[in-house]
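Think of it as A, B and C in the order they're written, each chain with its own count starting at 1.
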Amino acid sequence: MSAAKTNSGRFFEDYRLGEVIQHAVPRTVQGGERALYHMLYPAQHALHSSDAFAQNCGLAESPLDDMIAFHIVFGKSVPDISLNAVANLGYAECRWLASVWPGDTIRSSSEVIGLKQNSNGKSGVLYVRTTGTNQHGAVVMQFVRWVMVRKGDLDAPAPDTVIPELAGVVAASDLVIPRGLDFTEYDFPLAGEPHRLGDYKTGEIIDHVDGVTLTEAEHMLATRLWQNTAKVHFDVTSRPDGQRLIYGGHVMSLARALTFNGLSNAQFVVAINAGAHANPCFAGDTVRAWSEVLDTAKTDAPGVGAIRLRLVATKGGAVGALRGVDGKYLPDVLLDLDYWALMPL
Amino acid sequence: MSAAKTNSGRFFEDYRLGEVIQHAVPRTVQGGERALYHMLYPAQHALHSSDAFAQNCGLAESPLDDMIAFHIVFGKSVPDISLNAVANLGYAECRWLASVWPGDTIRSSSEVIGLKQNSNGKSGVLYVRTTGTNQHGAVVMQFVRWVMVRKGDLDAPAPDTVIPELAGVVAASDLVIPRGLDFTEYDFPLAGEPHRLGDYKTGEIIDHVDGVTLTEAEHMLATRLWQNTAKVHFDVTSRPDGQRLIYGGHVMSLARALTFNGLSNAQFVVAINAGAHANPCFAGDTVRAWSEVLDTAKTDAPGVGAIRLRLVATKGGAVGALRGVDGKYLPDVLLDLDYWALMPL
Amino acid sequence: MSAAKTNSGRFFEDYRLGEVIQHAVPRTVQGGERALYHMLYPAQHALHSSDAFAQNCGLAESPLDDMIAFHIVFGKSVPDISLNAVANLGYAECRWLASVWPGDTIRSSSEVIGLKQNSNGKSGVLYVRTTGTNQHGAVVMQFVRWVMVRKGDLDAPAPDTVIPELAGVVAASDLVIPRGLDFTEYDFPLAGEPHRLGDYKTGEIIDHVDGVTLTEAEHMLATRLWQNTAKVHFDVTSRPDGQRLIYGGHVMSLARALTFNGLSNAQFVVAINAGAHANPCFAGDTVRAWSEVLDTAKTDAPGVGAIRLRLVATKGGAVGALRGVDGKYLPDVLLDLDYWALMPL
């Protein structure tokens, strides 16, 4: 038998600072993936639902949901980055740089930008900047994530510690607005709510009300669609408790879709400043979401503002409750995501 | 916290006779939605399965299944019409007026055509005529439904009672035949059965034989696809019994698809005369269907006839059994739908 | 009530040697079906995932996965061939002859090529050659399968026994290479693995490592998508044990997709030499796969070789373990498939 033919993943000592890893299997996305996104998530934001609405906002047609690009670019990195990961520790400096249109083919690569072996000598923290490009070579999105990765050979020497300097928040001036976007003719009734950027105040908390009870089939369909094949999501024998861990990105998409009720006009996700998967999520959990307005800003595009939001997904607990007195996430908190979206002024 | 940003739905006293409500979020449908329809339902009618078959019947390509238009137009009306509904009481005067093609964008609006407060003063019956239009402003379908809606303020005055006059049956002469439809070259073997309109006799009952056992994941995927986000379908905490109620339209599509076995040539649903969701449906139920031929008629289109059918979906019980001696639906009856379809002469 | 309108399936005595049966309901496939395939299976082979990758291999765009053609052609034959089948006994001489492109419409027909009544007089073995054609009349694939079919009338005379001569293996020289295919510029890193045909040795066994735990919803969605409506897959009342039998083709697609890990470059399935569904498969089973290299061959296309593989899907047991000392399949073996795929030299 040849185990040599299959990929058992890289270990911490296999990464070199500055190394660029081309991830396998480019993926063409089309209208079919858009339809699936509407089936898998309660996604209703009008710009991703209607070509006519998108055209009224200056775009050629409705681009694919921003999270589709994220999931594909992320999913392709899994076999090279996180197959032997113990934990997905954080995100930073995530920006969407070009829209993904039906027919585009997405590729993904990652550069190693930081390494720090843990003091126990058994694992280390790997920092990568992952980039998605389309068939024209244009960058469609980029993000930094850091993961804890096991060492395969405990005797391998520790690399020099390099921890990258990362922005705590993407500056509003660094947000990239989809080319042509114009909200001056924005149709609020069609979009679902009358609230414009000026109606949201920093510190305001919005309860998105709706909840979705998760099933095994749905999270596996979604995770598989993005060609993310990490075992823990699909194989009941891969965790001691016999449960299939739900892909953190599934919770991100679900929570973002739930924000429609209260944030119908937060039309594009253009940056993620930070993100944490606070607790694991399993089938049977009923997921709800609340948001906190963190900031607002103007942009150069006509009628287009930016809103910075904290999006929290939970499986219970009070709206607005995030951390305990010990500073740790409450046990019912699933996701804490800090992002920028675009909204009509 | 701001609850004001989210939609808690309208109450009975919030509706005014003659008011027209534009429902939010237009939706573009494409081939992806067609593929999903074939995955979610055992849909096999040839005109909606094959471009080549549709072209042989005078159409440019295969239009989207009639029920896709219904579900989208209906789903969009839910946040404005039935979020606080106690019950969906009935349908009438439902007609498909123009085919929906891949690439079309569908919008939905409803006119309040009737109001009647209940004698208990706690709720009332709301009658609306809901209209779906495409990106060219053409009406693709229209239907009347009436729902019982809770009052939010029990002290609000009762409106004048207006009950609209509704046709018990859409007259055959009022059916709209898809433009260009021509069944003179109809290929019966490819369609699946040799039976033409003349082979069906009024009063005839057809057992469609096949059954499908429902799962939670499938009904949620389907309901979500049509952007129908009513809580009871998705959130186990929203009903006292902890069950997710299956969207009545899911049962309609499933039952219609099951009629393929015995009614392969009933190719288009062009009108719904009346409909009742007789009993709730839950995951685990095994759904079967039977039909009764109610009428047949000619149309002006070449080779095209119309057949009026009663479609009954059940989770058990004898074929043909509909009501008990008390006149009420038997407990195993899920759906009683009276509709017109087109069939080759 | 009229049972005469519905199809209760053919019995063994209803088939005549040489008879050609046109199966009903042509089916148009598009990008939506491709997206669904990626959602239902962990399919990652680059040629079916990326238009850009396919273009780099000399093709106009990414054709639909080979198994989509198989499932559609097979599914259409079910109502005429295997509705009253006791068992699906085998496959032979299966070849893919033309690619299926988005927009193609597939039809299916079967010729009766063999009949042998069983000695018990209650059933017989039916051999058919099933052919799928596209809207231009070109044959896209063809396969022989044989099934055991019940007799409806036990007094019906036995037909003359005719057992067709079938090739044990499709000769490498009979494989049809997709027109234009050229692997001379093949991008191994993008495809996922560096292994070319010369790296695989006859007798080598590959453990594909990954496992997928099955759910009811997913196998029903997949089976329904191919318009295969055999009752046992959908209706819990159709088997004495109350379980839904998983369509054998679902296991084939799943196992083929799992081979990506170790056989990333086995890009097209071009022939099936033989196949057996060794044991039934149910929701809850965790499916894994292993492969044995049976042969390699050259082809006339530039840079394109062929690899003959045994693909075994299991729900447990050791890699490489296939049959017991009694020569019978081990109880954990689900599928034993002997096929040819194309691989860069």
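Here, a contact is a pair of C-beta atoms (placed from the backbone, for glycine too) under 8 Å apart; a residue touches a chain by one contact, two chains touch by 3 or more.
What you are looking at is a predicted structure, and each value in this text was computed from that prediction instead of being measured.
Per the C-alpha superposition, chain B sits rotated 120 degrees relative to chain C, a value rounded to a multiple of 5. The pairing of chain A with chain C is characterised as different-residue: of all residue numbers used at this interface, under half are used by both copies.
Centre-to-centre spacing of chain A and chain C amounts to 36 Å, using the average Cα coordinate of each chain.
Multi-chain contact residues, meaning those touching two or more other chains, occur in chain B at positions 30-33, 35-36, 215-218, 221. For chain B in complex with chain C, the residues that touch the partner chain are 30-36, 38-42, 44-46, 49-53, 62, 189-193, 195, 199, 204-213, 215-218, 221, 261-264, 286, 319-320.
Taken in their complex, chain A has these residues touching chain C: 1-3, 5-8, 22, 24-33, 35-36, 79, 103, 105, 107, 135, 215-218, 220-222, 224-225, 227, 229, 231, 234-238, 244.
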